[in-house]
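Each of the next two complexes has chain A plus one more chain, namely chain B in the first and chain C in the second.
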Partner chain A sequence: MHRAQLAMLTSFFALALMFPLVAPYVALASEILIFALLAMSYDLVLGYGGMLSFGHAAFFGIGAYTTGILLIRVFPSVPVALLGAVCVSSLAAAFVGYASIRRHGIYFTMVTLAFAQMFYFIAFKWTGLTGGDDGLQGVPRPNIGPIDLHPEINLYYFILALVIVSMFVIVRVVHSPMGTALQALRENRNRAMSVGYNVDKFKLVAFVISGCFAGLAGGLYALLLNMVPLGSLHWTTSGEVVVMNITGGMATLFGPVIGAVSIILLRDTISNYTDAWSLFMGLIFMIAVFGFRDGIAGFFQKKIIPRASEILRRAFPRKR
Partner chain B sequence: MNLQFVLMQLFNGLILGSLYVLLALGLSIIFGMLGIINFAHGAFFMLGAYAAYTITAYVIPDFWLALVCVPVLMAIFGAFCEMVLFRRLYELPSLYIMLLTFGLMLVLQDAVRLLFGSMGVPFSTPKSLTGMVNLGFMYYPSYRLFLIVVTSLTACAVWLFLSKTKLGCIIRAGTDNPKMLEALGIDISKTMTLVVGLGAGLAGLAGVLAAPIQNVRPLMGMDLLVDCFVVVVIGGMGSLGGSVVGGLIVGQIIAIGVMVWPPMANTLIYFFMAAFLLVRPRGLFGREAFHE
Partner chain C sequence: MERKCYAILTICLLSIAFFLLVNAPAVAEPLKISVLTDMSGPYAGITGANVEAAKMAIADFGGKVLGEPVEFVYRDHMCKPDVANQKAKELYEKEQVDVIFDCPNSAAGLAVANQAKIHKKLFINVGSGTTRLTGPDCNRYTFKWAYNDYMLATAVGLWAAENLGKKWYTITADYAWGHDLLHHFSEALKAKGGTLLGNEMVALGTSDFSPYIIKAMNAKPDVLVLLNAGKDAVNSTKQANEFGLKNKLKIIHALMFIEDIKASGDVFAGDYVTGAWYWKSDNPGSKEFVEKWKKQFNKPPNWMNAATYSAVTQYLKAVERAKTKDALPVVKALEGHEFRDLLANPGKIRAEDHMEVGNAYILKAKQPGEIKEDWDFFEVVGIIPPGKAYQDPKETGCKMEKTE
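Moving on, here comes the complex of A and B:
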């Protein structure tokens, strides 16, 4: 590992550890972490797999509802509930992925959005199980052994631990042979096929892994809010995840994290003044598409880092 | 459940199907030419309904005027969007135009919500069409029959336009191979403007027609748009016949769903779509290797 990468990782961990002290309130810091994980999981699908899915909220919402329902009705244990969320979301992702990866490009986008709407309508109408429009209220936060999750700060560090482990796994997936194959078939589908890769299988596996981590993020979200809002399944949530990826920078893994941090902070700030958040999100979408296609991460890689190194090089010329 | 009720529901399904047909036609034409999903299509539909409301409530209280003006206005608006926004992104992967239309949809929806409120606005059926018509076997609201007639005429007109006129021929050629069309010396950018304008005009027409029978509210378009995705997935993109047949099928599925198990009526079409994808991944009339 390069020294620069090591420095970046260390500063990231330091920032994450100190974040609750800096953020306006601790729950916001936790929310940012959760959405960072969600955005990063989506990067596998959009950035590395080249699949524009508009149904990522489905797996997030399913994870949240599964956690909530398990905690309320079945067994008050956080690990069991989160494990359940991961399993159910992965299953849902396998189902949606199997049906939609049969279609490419634009059709894929439409089919994923339509399936996400299906889950949304089921949650909306099945009020006995999900609470319908009001969301699933009263999700408890039982202790895990000696750890009391009720103080927000404890929950924050619990979420941080899980998010760091997940990010580590996602990074490993991207740099695994499967991850490189995935990028190869994103770049040139036909060539990857002629080399002998089973394109659809790789895409499906990436889709399921992504859905699995989206489910984990959803489960943590249910714990954080003590409820599951119906909006977690809505297509606007999928849209937010897409915009986090675009503004942060696709296929960089840390880009979506930056995107999530900026979008959630911006949403929190703007909603103090006006309720027209989706107007602003639409504008951010359009600005990102027109002027900011490489995202914040790309901006740093292309503009800031070369310029900084140039300045450094001039300031400290190499001795001959 | 008597026969009267069943027939009534099937007719209601036909109404819903007609709206799907108008929207899916525009969606499909734009898709064929630009290779993108126009996420703003539902917002165009919603804008059409609100434009009709604005004209009838504030300018001249005449539904017929709105019926003529709004599609034209929406076509101009669509062409404007194409010239100002879409055109700058043709060189890039189509992903970016789709994201742009998604942002445009959010902006339009929220702007309308801020202007008119999220609860929606009242819109009454035009006076000359308020009664019921005796069809022999049942009475049916005359406005709804009118809607079916207008939609069928429009669908026929679009079909005639695309299959019999020179301009329609250019659009069909552009759908098959835009590069070849350009090589033959046809200004493709004008055709693109025309296509987006035509699609937006059709969406606007659907909006005016839907205004008296649906709630005129900011999110009316998005709900219908996702259903339209189901329509084009079932019918097959880039095929007019597919849009028409798919629209009618989905309308009937919802109508039957309302009769059988109302809470699941909207969910039923997604299950149908999933089953359909497994059997016929390209849809009913989808062509092989078309924008795939």
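Moving on, here comes the complex of A and C:
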């Protein structure tokens, strides 16, 4: 692993350890972590794979519902439920990916959206299993061994541990030969094909990995809320993730994390002061799109960090 | 160099953390009331003003209880159950509120009720209609105020079967809420010995209702029941009007507010609906409340606003009776309490399932020619007593736990 990435991951870890103290409330910090993971997993598809999937809510929601249903009906064990969520959402991602990856551009977007809507309506109608419009209520948080997950702060650190591991894996995937190939075929599909890469296979693998982590994020969300809202499967959740990626910076991995943190934090704070919060969110999104084409992370990487390091270098000349 | 930077960063962050820990807010001593409602989602036009209703109730109570000033906060849940759930945690844990009011949207209401149970603090729901709150999902800390789906369906259902005709046809929005209402409506009809000629399940957001309306028309019912809300209600009624149905039969709706009529002109003229209150009613304190409201907002309050005012007032009175703001004594002071106020005349908070019950009003939308005063859109044509409008507490399926 590259030193810079390790540094980023450790600094993220250091910041995240203290985040509950600074965040408005602990449950919000947990929510931000979960959406950071979701946005990061989506970056694999959008940023690195160049696929504008509009159905990521499906894997998030399927993960959440699987966790909820397993915990309520089958076996009250968090690891089992989360593992189930990961498996089921990966399977769903394989299915959706297999059917949609042959299409490109807007057609791909539409097919993924259609699948996501299909899952949404299944959950909406199958009230016996999912609770329908009322959501799946009363998801328990059983202890894991000696760890009591009921206090919000305990759950936060549990989520943090899983998110850090997932981030490590995602970073590894991006910097593996597969990740490099993925970027190559994003940049020039025909050239990648002519070199001999099986384009669809790479895309599908990236899609499934992404769906797997989205499912994990969904499972954690069900634990956090003690319920699964039907909205977790709604297309607006997919839209939110796209917005987080674009404001944060695509294909930067930590950009989407920054996007998730800033969007959820801003929405939560602004909505305490005005009911026109969505107006401000829209303005911020527009500023991000017009002003920071590479997102907040890209802006820092390209403009601020080089300048800052220049200043630092002058202030502290390196002794050799 | 890099390492030095990290050391400095870590020290900075640790000091911030220490600072925050040292300056952590002290435990809130005075009573703190909160409203969690939809202020920017689809119900914002109806429930957004509940915040003002709660403020008004606190001010009218004198702004003080047990000699301490009452604090107030509100949060917008955007009609999303996940946001509602998170905000409820913020309110109970960070803001240290003693009670949360309102919370429309059934999923949001159920989620917050669960949080109330976990945090052992009060939640008095006004906005969501689900009977689960006072049924299988009831708990000691959750109360339901003014209405529920059973009452919406049963009150107007019983009245219509008696006064409008015994042959019905229903058009139902095809999801949990619609199914629930259909069940309660057909039970009411059965109780009065009527017949349901047919039912059409229609997907949410359908724009063309004409096939269903033609079917309904051919069945020749006395009453057409439209179990939908919002845009669906407007579209289906508009198309029924275009087929001239209102000359042949009466239309009943599940849920309608004065704001809906203001927004849609004469579409609903002559239709019937249940309400928990109407701003022209002369309950004790009702007139003063409406006057104040009109002065502030240039329109009368809807019954959700009145219900919130009533709930906050009765809660404050219960705190005075209990002589403490602790949750359980206040719960006990509320349970079984009977009162008369602007909303409920008389009203009772049932101990068995924590449902606040009062009279249900049968409202008939006036024809445009009959409206003499702006916003006076309804005529009260009937009153159903609480014993008939609400389900017997033995049948709700609520098993109230006895936490001491």
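Everything below uses one rule, namely that the second predicted complex is superposed on the first by the 287 of 320 C-alpha atoms of A that agree within 3 Å, B and C clash if a C-alpha of one lies under 4 Å from a C-alpha of the other, contacts with A are read in each partner's own complex, and residues count from 1 in each chain.
Just so it is clear, a contact is a pair of C-beta atoms (placed from the backbone, for glycine too) under 8 Å apart; a residue touches a chain by one contact, two chains touch by 3 or more.
It should be emphasised that the depicted structure is a prediction, and the values quoted were computed from it without experimental measurement.
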Partner chain in contact with A:Pro229 - chain B first, chain C second, else both or neither | second
Please work out whether A:Glu152 is in contact with chain B alone, chain C alone, both, or neither, and reply first, second, both or neither.
-> second
Which superposed partner A:Tyr197 touches (first chain B, second chain C, both, neither) | neither
Should A:Ala276 be classified as contacting the first partner (chain B), the second (chain C), both, or neither?
-> both
Between chain B (first) and chain C (second), which, if any, makes contact with A:Leu15: first, second, both or neither?
-> second
Between chain B (first) and chain C (second), which, if any, makes contact with A:Gly138: first, second, both or neither?
-> second
Touching A:Val26 in the superposition: chain B (first), chain C (second), both, neither?
-> second
May I ask you to decide whether A:Tyr107 touches chain B, chain C, both, or neither, giving the answer as first, second, both or neither?
-> first
Touching both chain B and chain C, residues of chain A | 125, 276, 278
Which residues, counting only chain B, touch chain A once they are in their complex?
-> 31, 35-37, 85, 88-89, 92, 94-96, 98-100, 102-111, 113-114, 222, 226, 229-230, 232-233, 237, 263-264, 266-267, 270-271, 273-274, 277-278, 281, 291-292
Chain B partner, complex, touching residues on chain A are 52, 99-100, 102-107, 109-111, 113-115, 117-118, 121-122, 125-126, 235-236, 239, 242, 246, 276, 278-279, 281-286, 288-290, 293
Given the complex, residues on chain A that touch chain C span 7, 10-11, 14-15, 18, 21-22, 24-28, 31, 124-125, 127, 131-135, 137-138, 150, 152, 221, 225-227, 229-232, 271-272, 275-278, 312, 316, 318
Within the complex, chain A is touched by chain C residues 1-2, 6, 9-10, 13-14, 16-17, 20-21, 39-40, 44, 48, 75-76, 78, 80-82, 85-86, 89-90, 93-94, 106-107, 110-111, 114-115, 118, 130, 132, 137, 175-177
